[in-house]
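The two complexes that follow have chain A in common; it is paired with chain B in the first and with chain C in the second.
Entry: the complex of A and B
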């Protein structure tokens, strides 16, 4: 991922554009044949995918067990609600904290491993957490899930917003999505994020420049798990429960597919594109055929074979082509911001 | 006191002895060259000096302080920088970013996640002056992968220089270059000479004999001859070893 044009800014034009479009979604989503809940789902998975891409796209660490942290966030949100305090902020914090702690534990084991060993260890840990979720029935509810998790009101002291409706929840999740975007943009192009990217490009050089590679990898892993925990918490609230399914291996695979198809390796926004395409494909293709996954799978294969940079990579190519033609008046954009 | 010193360094990979009782030192301001045939153990020796390989026996000292067995990032932080024979650059970063990331000032803030790394004028100015020093000032914004081979060789050195090291270890800095390129790197190293301790592994005889204060000839993991360039030229071992023709 090359450094994009607005890397130094806190808020970029692209962010403003995305925010404006997303703010209008509740107005037209029903008119195009979709429904409010898919908007909530897309934003939650986008938070998850953006956090995941800090690890995969920026640091170059392929985690195939990330569903664990998403699931742990969901369970922790519910358990905090049941046993600690039925307060939205406390529960969100609980979800983020639990996922971060689990992330720290796993990071301690995997951060020294590379390539296939790293990938396999993350799968193994993902399976361990999934198994625990399935078997610890008295805590997690096993296969039936942890029920019922309430959509707690967003209480700001002076005003309190009821989030039980899908539209209200959409705006709440949108706010957190935008916070995530700003935070991760900043993190990705901060000194810390630049070192992560350097480590992906040459771990050897980074070490000889004085960077403690393992420490940076661990911190990236924990941060990524924390965002997965936030997304998982919101998912528990959206679904009204926490279920082991999202921790299963194939769900951990989905997030990798979303990020790769969208173009997370070349663009900050790639993961968001991937989530939108994946979830819309699920609903639109899924309405036509039960075998929608076959078609999405084929798309995935096509992307990996013909355009490993993903959909964002296609956009970048088009942009480069069009920005070069007008007499080279301005230097070509270095990357999609 | 030596800026960097190796005492009785011994390295074994399995039952293969790669380095045997290597003694070596470089004083502040000195340029100490290392020459020898392929497979003599030169790069392994660099890996020992910079913490990548832990010696089976022996000691490595930086400014008299024992650093044997410390990991690369700790040794780098003590002021030992290295370049690589096989180019090891951050290809997706611009030349400027490559250099900026190497600076101690950047390293000191590397855990900062809350502020932007880009557009920090002070860092950029310092990084630019390093690029100027190796003649890449006008290529600051070019991605490392888009630079020419010769420019990448220069950037390889610039990155190490940006670390503001006390000891600079250059592993075949002219590798793969034509005579013009070699001359440019030689000129660059000549300007650096005296400012810091330099250890240079090099195959190009003209380069080494023209620049080095002392040269160590390594063969079979041992130093078989050491001395000033003019002393070595007269050394029958070196003459017989057919290591190259002297200009």
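Entry: the complex of A and C
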């Protein structure tokens, strides 16, 4: 991943732009033929994808079992709500904590592995958690899911916001999305993120420079599991329940597809683009044909074969082409006088 | 102790079947160091094609359909076991044509490419056959059951385990005892030298991929009467397949067969105590083995570790 402009800032112009656009979404989303809930869903999956890209795009570790942490976040949110306290903040913390702990457990096993072996082991762990979610019926509700999970009010002491409506939930998720963006931006371009980038390029070289590669890989894994847990918690609240489906191999693969199609390998914003394209394709293509995955799968195959940098990579190429023309014009302008 | 014997026999047959499921996956990963994540979907496709051949008559041109349906089921079954892998093998060649663009790159690209291909194949299956379950008819000679040790055993299961053993032996002969096998193994080891000796490596790779996908389809046809034909069978097959390869060690033929038998045994024995949780045991077996032996039981060094 190239270092973008403003990498050292806390808040960049791009973030402000994205935030302003997203703030206006509830005003026009119904008018373009969509519905409020898709906005909530896109933001939740964007949190998940951004956290996942810390692992895939920055550290170069292909996890094929990340759905497990998303699912664990969802179940933990529900179980905290039922058995500990029906408070939004406690439940969100429960979801993030449970996913981080599961992430730490898995990281302990996989952090010494690379490449395909890393992918294989994460598949195995993902399947273990999925299997447990399916079979531990008295805890998780099995295939029927954990129901009913309430949309708790966001209580700030003085004011309390009711999140039962999709628009209110949208603004709440948007706030958390922006926090995630800032946190991951700082993490990706911090010294910590630089080391992860170095590990992606050459694990051996990073180790020889004296970095504790295994520790960095573990921390990246846990951090990305924590964001998956946050997204999973929000998803449980949005859906009103937690279901094992999102933990299955397919969904763990979908998140990889989203991040790669969007261009997570070359751009911080790639995962967000990928999520928007994936979910809109699901709804718009899904309305026309039952086999929308066939078309999205073909798009994915084409991206892998011809443009592994994804949609963000295409944008970068275009920008480079347009910015080169003024750059070529400059010396000519200098030579004329 | 005697109560465990049925579970042991079950585990043994299951192990052979698992080894059969992993066979095509193993051939491609062992010889070409490429992960074919579409293995499961091709396995499922093989079963569905066999169903099209053996199930209700197809909407073929007048005469052909009746002629085909008029053949005895036993003959049609044997023909299906040949035709379904051939059709799937053609698709495998198509996948290889795309996959060759990823050779020499990170093996992750091949894995992702075949994951995308798996999604596409699964949706094709879903749009042609729907999401309902089908049952593959089997000839009378190998269906039904018999009684032994005061238990009812399924004849088909033993036929399938026998077929699995035959396929394993044939694949072993192909890789280890033929000139073709020697050349493809040499190609994986030192592709430049093999090219310099005048072999067309591109054609060899197509052949390996075609055989690997044909084995996937054959396994699908053989497993179909046991598992039933449903869209999820692809995932049910690809997970044990990759698990067995990692457990046995990439590049080791007998490692994969032994790992298949181990997985079958472990599932068979845990089924005796906690039937619902028995599938979990294979994941735990993998995690334990790989924690202590990072290349699996008999694994050699491979570029996949990079």
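Before moving on, here are some points about what is shown:
Assume the second predicted complex is superposed on the first by the 326 of 337 C-alpha atoms of A that agree within 3 Å, B and C clash if a C-alpha of one lies under 4 Å from a C-alpha of the other, contacts with A are read in each partner's own complex, and residues count from 1 in each chain.
Keep in mind that, in the parts below, a residue touches a chain if its C-beta (ideal position, glycine included) is under 8 Å from a C-beta of that chain, and two chains touch if they have at least 3 such contacts.
The structure presented is a predicted model; accordingly, all values stated were derived computationally and were not measured.
In the superposition on chain A, A:201 makes contact with chain B only, not with chain C. Contacts of A:182 after superposition: neither chain B nor chain C is touched.
Touch criterion met: A:112 reaches chain C, while chain B stays clear of it.
Touch criterion not met for A:97: it reaches neither chain B nor chain C.
In the superposition on chain A, A:19 contacts neither chain B nor chain C. Once the two complexes are overlaid on the shared chain, A:9 sits against chain B while remaining clear of chain C. When the two structures are aligned on the shared chain, A:29 is found in touch with neither chain B nor chain C.
No residue of chain A is contacted both by chain B in one complex and by chain C in the other.
The touching residues of chain A, counted against chain B in their complex, run 1-3, 7-10, 186-187, 189-195, 197-198, 201-202, 204-205, 207-213, 216, 219, 223. Contacts from chain A toward chain C in the complex involve residues 62, 109, 112-117, 119-121, 123-125, 127-128, 131-132, 135, 248-250, 253, 256-257, 260, 290-294, 296-298, 300-301, 304-305, 308. Taken together, the chain B residues at the contact with chain A in this complex read 50, 52, 71-73, 76-77, 81-82, 84, 88-94, 97, 101-102, 104, 106-107, 109-119, 143, 159, 163. Per the touch definition, chain C reaches chain A in the complex via residues 35, 98, 101-102, 106-109, 111-113, 115-120, 122-124, 126-127, 235, 239, 242-243, 246, 276-277, 279-280, 283-284, 286-287, 290-291, 294, 304-306.
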